[in-house]
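Heads up, the next two complexes both have subunit A, just with different partners, subunit B and then subunit C.
Let's turn to the complex of A and B:
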């Protein structure tokens, strides 16, 4: 009996599932991380020094500890506590928090970029605090930081490969299983690399285009 | 009418307003002149409650601006304000800039808000710019947009804070023309300005501020042509 079988068309469904799972967890992390990041970034832009120091320290931990360690630590910890989560749930939580840590800085600088005089002008028209946030500060601030936001989002897509270490069947883990069956590591890994490139490159070009357009 | 009674205002240790009394009747144009740091702009900010006051009262049509119970967002609808910097909202078109507040503050339908905004924009001469973005316009045009944006709330009072100071000299005229237009409409205005000739031309009353106090107040002829106080004379000799 042959232990290894070569890559074939029948593997395409399996590969597609891996791709979709990568996209799925990335999209979840980018959306949840951006929403939380918007909230945290706003709180940081609005708060005094002491609250900022506290939040900053928490975010520093999230940003400084390697993602792969956070993933393993979190999964091990909740497992030991008796609440094991499936790899998707655990991966989404950690990847979203990690994304939030970076997004909050992006959004904070966006909020800070809106001139105080513009806010005063809006208030003088009778807009209340929340209306000014909703109609003036968020749209102006978020436009200014769109290229940075896209940069973080792209790195999240690439970082999502790390969720494979806790057993989530995304593209890299799918590829590893195919490699152990087919013994064709070079071809498969080049394919995986190409996939990430095909997603990231057009998006980063688009970011550069928007950046240039905004400079005019 | 706007009644300002004994208003004191400090920034930390620095007392900027040291007891200002001033009444502005409906239909009146009052210009405030004086050196930088004399408290002119601060007074406007206090009338609109952008700055708090330390003591005294500012009463607009019987409503105490700085009373805690006053709904300040509602009151501000009566007090249009235009600043030295035009502060256009860069993410909105000219029309959207002017229609935003009527729509979300007054709750008008989008159509009605845009109708009012269009009317005011045509009034200030921006009828052909409705769908442009303000960042593509000159400072003078953006300042006229700021005036139209404030007018779209249909306020009975307008406050102007050195609205021509940040403009290139060749653009000052078009903004002053817009202010003349408003005066002719009978708008009640308080103008903090460095344009002495303009103040003389449009004002019913001119107040000269010096170090947080009104040093001299009266008709333009009294204050600008025949100033009685030495400090007024000194100031005018420097700027004229």
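Let's turn to the complex of A and C:
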């Protein structure tokens, strides 16, 4: 008797779920992480040294501990505290925080890149503080860091594969389960690799193109 | 709120094993970085060369390394090669995946560093009577090294953090060792907290050493 069943068309729904789950958690993490990162980046660009040190230390921990350890620690912690979350919720929270840690640096340098003279000019034209943020600093600063933002976003898509460790059925975990059932690792893995590549490659090319255009 | 009781004794008793796991982590990252650098130099030369075959080979390697998840490449080495009868140990699977990725990223760093030096400097050095070796030894390479130093440090830190994926293929580096230890004692939280702290310390030590070396070597002229 053969224990393994080969890959068939009926698996396509399963694979599609994996793809959608990967896209889903990546999009959530990129959006939430970017918004939080924008906020934190702004606070860091504006605040004094002591607040900066405090925030910096927190972000430093997020960047210096492997994502996989953060995911395991967080799910175990909330489980031990008596509030277990489903893998998607727990994964989104940690992946968003992780994204925030990188995005905040990107946005901070964006805010810093706007010259003080531009801000002063805006103020002298009668814009108030919030208006300069809204109409001057965010549009100019964010445009300058777009390529870096894209780079971080792409790495988040790739890092989302790690959420599989806490049981989220994203693409790579789907693939792993299919492999153990079909014993056809090459075909499945190449398909998975192609999927990531087809998302990441064009976007990274686009990022490089924008970067080059901005240099001129 | 449940009352979770922390039991640290088990973790302290297992500290030697955790340390040996940490050693494996550093070991695999350092080795993958060294081999990665050697391959990266070749790939960077490939991307700069006029030989079409060499160029495309380097290009494909670099783009695959940069545009696919690390975990995918580890699975590829572990399960993928297994299908062809090449059964790598978990250590070798993680090591080869890290080498592949490090080489890809560093190749782009090296190429960027090389191209950031204006060709006029080369001509100027030549016109001063330097031969090719001297031009590279005294003019091009010192400047290039200054520019690729920080990206290289970052790549090394990245390798340390990403070697934690060994947990998924049963490697005995820090994460895998932690996983194994907690599975027999069920002190998951304590063990992973200690592991997180150890990763933090390792990363900080690397960054600290790197900045010390930078101060000594570049004497504050780091661009």
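Convention: the second predicted complex is superposed on the first by the 214 of 216 C-alpha atoms of A that agree within 3 Å, B and C clash if a C-alpha of one lies under 4 Å from a C-alpha of the other, contacts with A are read in each partner's own complex, and residues count from 1 in each chain.
Heads up, the rule we're going with is that a contact is a pair of C-beta atoms (placed from the backbone, for glycine too) under 8 Å apart; a residue touches a chain by one contact, two chains touch by 3 or more.
Because the structure is predicted, anything quoted here is derived from the model rather than measured.
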{"item": "Side-by-side fit of subunit B and subunit C on subunit A, or clash", "value": "fit"}
{"item": "Subunit B versus subunit C as contact partner of A:66, first or second or both or neither", "value": "second"}
{"item": "Which superposed partner A:80 touches (first subunit B, second subunit C, both, neither)", "value": "second"}
{"item": "Which of subunit B and subunit C A:185 touches, first, second, both or neither", "value": "second"}
{"item": "Subunit A residues touched - subunit C or subunit B, whichever exceeds", "value": "C"}
{"item": "Partner chain in contact with A:7 - subunit B first, subunit C second, else both or neither", "value": "neither"}
{"item": "Subunit B versus subunit C as contact partner of A:117, first or second or both or neither", "value": "first"}
{"item": "Touching partner for A:162 - first (subunit B), second (subunit C), both, neither", "value": "second"}
{"item": "Partner chain(s) touched by A:176 [first = subunit B, second = subunit C, both, neither]", "value": "second"}
{"item": "Contacts of A:126 with subunit B and subunit C, given as first, second, both or neither", "value": "first"}
{"item": "First (subunit B), second (subunit C), both or neither touched by A:200", "value": "second"}
{"item": "Closest Cα approach, subunit C to subunit B, once both complexes are overlaid on chain A (Å)", "value": "25"}
{"item": "Residue numbers on subunit A that touch subunit B, as the complex places them", "value": "115, 117-118, 120-128, 131, 135-136, 139-140, 143"}
{"item": "Subunit A-touching residues of subunit B, taken from the complex the two chains share", "value": "48, 50, 73-74, 76-77, 79-81, 83, 85, 87, 89-91, 100-101, 104-106, 146, 149-150, 153"}
{"item": "List of subunit C residues in touch with subunit A within their complex", "value": "1-2, 4, 63-64, 66-72, 75-76, 79-80, 82-84, 157, 161-162, 164-165, 167-168, 175, 188-189, 192-193, 195-196, 199-200, 203-204"}
{"item": "Residues of subunit A touching subunit C in the complex", "value": "61, 64-70, 72-73, 76-77, 80-82, 154, 158-159, 161-162, 164-165, 172, 175-176, 179, 183-186, 189, 192-193, 196-197, 200-201, 204"}
